[in-house]
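The chains carry the letters A, B, C, D and E, assigned in the order they are written, with residues numbered from 1 in each.
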Amino acid sequence: MELRRSFWSRNIALLLFLPAFLLTVGILVPFGYSVVMSFTNFNLTTGTSDFIGIGNYLKLTRDPEFWNSLKVTLLFTVGAVIFEVGIGFIAAYLLNLGLLGQKIWRTLFLLPVMLPPTVAAIMWKLMMAPIQGVFNYLLQLVGFAGSEWLGGSSTALLSVILIDAYVFVPFAGMIFLAGVQNLPKEPYEAAAVDGVSNWFTFRKLTIPLLKPVILIVLLFRIMDCLKHFDIIYAATKGGPASATMTLSVQAYYHSFRWTNMGYAFAHLVVLWAIVYVLSYFLVGQWKKAVSEVHGG
Amino acid sequence: MAEVKVEHVWKFYREEAGAGQRVEAVKDATFHCNDQEFLCLLGPSGCGKTSTLRMIAGLEHISRGDIYINNRRVNNLLPKDRMLAMSFESYALYPPLSVYDNIAFPLRARKYPEQKIKEKIALVADLLEIGDILHFRPAKLSGGEQQRVSLARALVREDAQVTLMDEPISHLDAQLKAKLRIDLKRIQREWGLTVIYVTHDQLEALSMADKVVVMNLGEIQQVGTPDDLYEKPANLFVAGFIGEPPMNFLECVMVKELDRVYLQFHDFAFPLDPQISQAIERENQSNGKWVIGIRPGDIVLGVELKGAYSMKGTIYSVEPLGESSIVTVDVHGQRVLVEVAGTCAEEEGRVVSFFFRKEKTHIFNALTGKAIQ
Amino acid sequence: MVELELRKVTKKYGDVVAVKDLSFKTRKGEMLVLLGPPGAGKSSTLKMIAGIEEVTAGEIVMDGQVINHIDPAERDVAMAFETYALYPHLSVFENIAFPLRSPKRAHVFSEEVIKNKVVEVAQFLEIDMLLERKPKELSGGQRQRVSLARCLVREPKMFLLDEPIAHLDAKLRHRLRRDLKRWQRERQTTTVYTTTDYLEAFSVGDRIAILNRGILQQIGTWEEIYNQPADTFVGMIVSDPPMNYMNARIVHEGERLFLEAKGVLFRLSLPVQEKLRSMREEEVIVGVFPSKIALVEEPSVVSSGTVIDGVVKFVELRGSRKIAFVSTGRDFNFTVQLGVEENVRPGDQIRCLFGEEVLQVFDKQSRKNILFLS
Amino acid sequence: MENNKKISSTKLISTVGLIILMLWTAFPLYWVLNMSIQTPLDVISYPPKFVFDATLENYSVVLLGRAWLGKYETVQTDFPRYFLNSLIVCFGAVGLSMLVGVPAAYSLARYNFRGKENFAFTLLSFRFAPGLIVILPLFVIFRRIGIYGTYHGMMLAYQLITLPFAVWLMRGFFEDIPMELEHAARIDGYSWWGIFRKVDLPLVAPGIAATAILSFIFAWNEFLFGYILSSDVTRPVTPSLMGFISYEQVLWGQMAAAAIVTLLPSLVLAIFIQRYLVRGLTFGAVKG
Amino acid sequence: MKKVAWLISVVGLVFLFAVAFAQEDPLAYYQQAKINWKAFEGTQLTIGLNKHPFTESLRPLLSIFEQLTGIKVAYVILPEEEFFEKLLIDLSSGGGIFDVYMTSPMFEWRYQYAGWIEDLNTYWNNPELTDQAWYNREDFYEKPLRANMWDGTIAGGLGQGRWNGIPVMVEFFCQAYRNDLREKWGLTVPTTYPDLLDTLTKAAELGKQEKPQVYGVANRGIKSWSTVHSGYFTAFSTYGQKDLNPDLTAAINTPQAKEITKIWVDILQKAGPPGWPNYTWYDAKQNFAAGRFYEITDCDFFAATYENPAQSVVAGKTGYALPPAAPDGNITSNMWTWSLGMSALSKHKEAAWLFLMWATAPQTMLDGTLKYDNFNPTRKSVWENPAVVEKTMKWGTKPGEYREIVDAMYAKYGDIRWTPNPDVTALGDIWAEALHEAYEGKKPVEQALDDAAVKINELMTKWKK
């Protein structure tokens, strides 16, 4: 506890805090607006914005498009997260081996994470173009059939996941790498002297020790994937059919193409709720894991 | 149980940026630890004692030389194949596991039945007074508690041939340290453990070890029993490192007068016995500088004694320490510490005489540091 | 030269009581040492005096003025932190000069004066060759000295030294506990000093205050404490090995009183007998410092005190002395401190003398020293 | 070593793995770089050209904002202006965030007050909220108060991206400074402001730089806010990349050049503050 | 003094003559009109434009307008999908930065209903602002002009009531094919849709031998109303189908609708571009011009690109034909027209009107077409202009092939065939998704159309009386 004396020193904490607080409240206003509007039939074409209670939400439950986009959102999230965590883990392992030129590889490895997602999407769209793209060219060169990539409903989601992975594998990899580098050396030495097998050590020691780091990667990637917009918008706009139609893109269609603002807000509020609850849970888990490993 | 032989072992590290410059952490170390012996590696931080221990454990590559456990060369054996137990200075506890699980970790990896694990843990937990913290995670524990857990994990390994301990009690408070010094020694005796123990605390080494290996700057300075080290330090380093308060050193010049050899410290001349003066002359040192070492406890204050080395000085300070006092006497700018039993009535600023016996005196070559025996 | 007084000072962190009802008063220019194990509340007390921890209850008084609510910057005390608290971005020189450059003293000291002062204190602490370095380039002991230097470079009303030499090597620690005391005495600056080491406390302290779990156990000169330990805790902490304790019973044999422990009858001096006579409780604790037990050859020559025979179980060599662990075979063990010249080995039979004057008697419940209860 | 063989085979597999990983990372970047120095005809040629006569035409068109001359005057994207817009908006947003966020972070790190953690989590949760949920209301509100499409309006909107980040990250940096340093300085006679200036500020200066740069990158990479809340005059560079779709053909070469120019600042800055990257990307949750 | 005055007047005269003879004054034409062009000098107009040939033909001419009127013109140019989204955002926000924007009847229906677009009749009938004789509105082709008028009746009232936009270009949907390959492969130009399927399937097979591979037919495919609008809607209406019944229920799933849709999807699956659902018209045109397709069934005016050797490898090798006929011999084409409309939210409406007058005046439109390839023109005088005739006569395998088709479209086949209602683009989006589903084989064509019909019915409920 600090000593507090004059008005200034007594309230300094709050005074320093005030501007940020005001800005935050300012940011909350639009959130509130969105929530309120999700209970109306706000439509830009008809100009209505009448209160219709939970009408939009009831409509959601009956809307196969909504359920589909929820499914796509979850598929995208699960796919991308598994991909990114898996490759990220392997990448962290490879970059921690101390192979020749490690510093350069590490630097190169993290470049994509700095790409604006839209730029990444455009880059990949270019390379994935079925007719003139370099991927199909290279595939055909080694004797494979080309793929429709973003243009095929069976391949589009995978292709979008691939683009997302391109940008965010470095993110996962870097964090895992940091986690691995921060692993205490001594417990492993103790295990080595005690004659404990590598697998037993990995299972009982490495995984629990990396738990906070794994949770952080999960937290950030799951949240980002759930609300994903940029890459899909730039690459497929939700198509083909609804193969990549995530909740965010669906909401975008409802709002900025079809002017059903109220309904779009209902989508977004549901998405927000999912994200909020999940992030609350994951942050809690993370804090718990941190305290288990580092005390406190 | 087993014996450990360390034969001409070297450890080099490559300096990171240096142009092939190598750092020699351990230089040509040779010593043997007999079966059921308590061996201490003693030295200040950075002296190479931990590197030596880690080479025995297999955690560091041996740059040159050989290590034998039970007459089997272990240089190329993985740590797990050397059948050792070890406690770490940095505790090396498994952070996600509770204290109980930490201690059980090596046993579980060997698929011990849970019941047996429980019994063994109860035994060491009782000994190390950690019974009430078994369900905590390491992060919740104080340094001393963690250190005891690390120790428990090493002691619970009954299949180990040699138990290695790296500063196992350095972070405990004085009272517990005193207790564990005795308990560890007792367990070692009773269980018949072969222990190699690393410490920087000369008191621990003196009080527990059967054999002490004193190291400094990567080199072994002396190997011997605690008594040897205290009574017959091989060189200036050992003499200064062992004993508290530290030994006084007086830098002297050799003077030959008639047939007698003296060591001259300012206006005090200390005559030497013939065999010592012979030894000194044999070393034939060009600048004739020698160091006389005398432990503070071997100096008697207030009187002059014929036949002993007597000096005079001004009392600089008196430190009461309960059962004894330390008196600092200023002799021509040199501070000489004198340990006096009980309370000391001397006052600062007074000129006093004091003496010490020839036989308590250690003489060292000022250049090489070697003791003259 | 100031006079510091603590009046019933209490410090709580949440529900944890760090310091409880602590009261003491320093004399002007005195070096007062707070002695106690880790967690005894020493650092909290120092920090409250410095003003960086709020006082939960009670008053801190400096020269008659309550300073509870005075800003640390205004108290004009200098403190050396146990954790050093060095400024990582500043060189050693700038770290030491930092207090001299504070706004309060900005115009007092010229650059040259600052330089002289820094160099002087750096030489005193043997860090004058490190002045250009950054803290991260220093060893633990060097950092501690920089922290100490930063404190000593000032001429404040008080020094607050929190375990200032705990992490130095033996030689330097020996020198500094001697010379620090001189430094302080020459400047006559009231100082509060904490340590866990009783030797250090005895050596530097004009008076020593012993703390345990936030409570003051005893305050006095080293002689008072060593000769009249106020309770069993004090007896334990001011001796290594700790004081020997045994449960005992008061036995009346006519007019004479004895203490009986494990079948041994301890003879008591007359004043002690008088003290105990008024005791209602029969059960007490006897305490003897290991250093005050003597070895005797012949039983008959002893006129006062109690002789106990035992077997040496174990001998600990401690350089200039030895500690023997003695067992009497009746579930009664004790430690004896011997000179290094005593040739005692495990298994030897020895005969120990517990003089009448060395026995301390403690109340079984309160663990307070009965002999010196006022 | 007894298991030399095993070790070398794992090393081989690892090396191959690393090569694959690096190809995966580098190829798209290489390919875009490749395209950006091809002529319009080379870009669309099939099979794709790996060897060609390089041209800097695309860059000169993009950087100078010249109209691209096909047969007749056609696409002009004003890329330099968009670039400038991005710079203005991002600098402004970051500046505001730092101005407001640093004191708040200091306050969160150093003082205890009611609702502190709730506030901090709310801030963090903005990071996870779907962007669209704020954009339209902001759009409506901005219109109403007349700051739609203006630089300062966008700077305000960008606070949603940069402020939570700045506060969370800076809080961590302040918490890294031991309380004792401030205590020591207070005892040494320094005022609150003096301590902040002489002790805290120099110590968090690298942290402030890293935070500023990282939030700059976040702002720079943002698409949706820039896309919807800007007018053509203030449009930032990311959404403007769409502008290279012309009716005649998609100007892949120029788009690639523009993409390279767009990501260049982020990349350069990111390499500059590499050691804070992990910390930054995770809002300080992982101390890299 | 006199000498000086004389000298000055001589120099001045010489200068004036020099200027007059050096080049024809481009403003002179406009200054003939009885309009006070300078009435709103200093105003700034913002114009929203799509990435489109028209846009590129307008931009170089804008300086003339700025000189003529002293009005500054700023513009925003975006690709089509983004353009309409951004426009919607801007209009719906209620302030509108655009004074004039590119639009089209399908969008005007929404904008009119929402009150975002101005009725041009007000200005047309204001003699202070308009010189009707000079402007010559009758010069416009009837179809595109009337398509931009609507009285607001759902499912009716086209060509009457409010005047929402002035058409600046028009497009119909025809066949364009590689005549060189046709001859090489021995194919004929299909005249029915089964025939088209057959021909394109063969072409796709044969194209595999070519290096690089030549695909069958280029066709836009993104998930948008515009995919429905072009080739597909042309085929669909050829089979006599409508999007909506008069009662506003979906009519897209009649047996005949399903039949033609099946053929269409078949064509795409067998001969269409790989990754069709991600294919834009920008891609389609570019790839056809790059010689990667045998045929394209999209806008006729793309011919301007194909026939431009600077951008195309198929110049002079391309043949044009009417879309195939239905079994009953009926041929139709859908029509698209880009128009310029005025935002109801504009704060400079009169100035905006001047801009519209200028931009769609005969001379401007002629310049746009002649100098900057804005095809197909909406004014007869432009289409019939000798220079334009000369240029377009060359397009196709034989002289006049292209012109014949456009003429026939105007005369007979082409028209806007959507049922007017504000949600027509949303309807188109749903429909496009059904095509995607059928193309991807996720649902049979029948099922996809039936499902889309359900959604369309729900969409349209709010417009039923």
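Note that a residue touches a chain if its C-beta (ideal position, glycine included) is under 8 Å from a C-beta of that chain, and two chains touch if they have at least 3 such contacts.
Being a predicted model, the structure only gives us computed values, none of them experimental.
**Student:** Tell me the fewest steps from subunit B to subunit C, where a step is a jump to a chain it touches.
**Tutor:** Each step joins two touching chains, and the minimum needed here is 1.
**Student:** Given the two chain pairs A-D and D-E, which is bridged by the higher number of C-beta pairs in contact?
**Tutor:** A-D
**Student:** Please identify which chain has its centre, taken as the mean of its CA atoms, farthest from the centre of subunit B.
**Tutor:** It is E whose centre lies farthest from that of subunit B.
**Student:** State, to the nearest whole Å, the distance from the C-alpha centre of subunit A to the C-alpha centre of subunit E.
**Tutor:** 40
**Student:** Quick one: subunit B and subunit E, Cα centre-to-centre, how many Å?
**Tutor:** The mean C-alpha positions of subunit B and subunit E differ by 94 Å.
**Student:** Determine the centre-to-centre distance between subunit C and subunit D, using the mean Cα coordinates as centres, and give it in whole Å.
**Tutor:** Whole-Å distance between the two chain centres: 58.
**Student:** Mind pulling the residue numbers of subunit E that touch at least two other chains?
**Tutor:** Residues 89, 283, 290, 292 of subunit E each touch two or more of the other chains.
**Student:** Got the subunit C residues that touch at least 2 other chains?
**Tutor:** Counting only residues that touch two or more other chains, subunit C contributes 51-52, 71-72.
**Student:** Can you tell me which positions in subunit D touch subunit A when the two form their complex?
**Tutor:** The touching residues are 11, 14-15, 17-18, 21-22, 24-26, 28-29, 31-32, 35, 44, 46-48, 99-101, 103-104, 106-108, 110-113, 119, 121-134, 136-138, 140-141, 156, 159-160, 163, 167, 192, 217, 220-224, 238-239, 241, 252, 255-256, 259, 262-263, 266-267, 270-271, 274, 277-278, 281-282, 285-288.
**Student:** Provide the residue numbers of subunit E that touch subunit A in the complex, in ascending order.
**Tutor:** Within the complex, subunit E contacts subunit A at residues 81, 84-85, 88-89, 92, 110, 113-115, 215, 221-224, 273-279, 283, 287, 290, 292, 422-423, 425-426, 429, 433, 436-437, 439-440, 442, 455, 462.
**Student:** Can you check the complex and tell me which residues of subunit B touch subunit A?
**Tutor:** For this pair, the touching residues of subunit B are 57-59, 78-86, 88, 90-97, 105-106, 109-110, 137-140, 150, 153, 157, 164.
**Student:** Where on subunit A does subunit E make contact in their complex?
**Tutor:** Against subunit E, subunit A makes touches at 44-47, 65, 125, 129-132, 146, 148-154, 156, 236-243, 253, 256-259.
**Student:** Touching residues of subunit D toward subunit E in the complex: what are they?
**Tutor:** 44, 46-47, 70-76, 139-140, 143, 148-149, 227-228, 231-233, 242-243, 245-250
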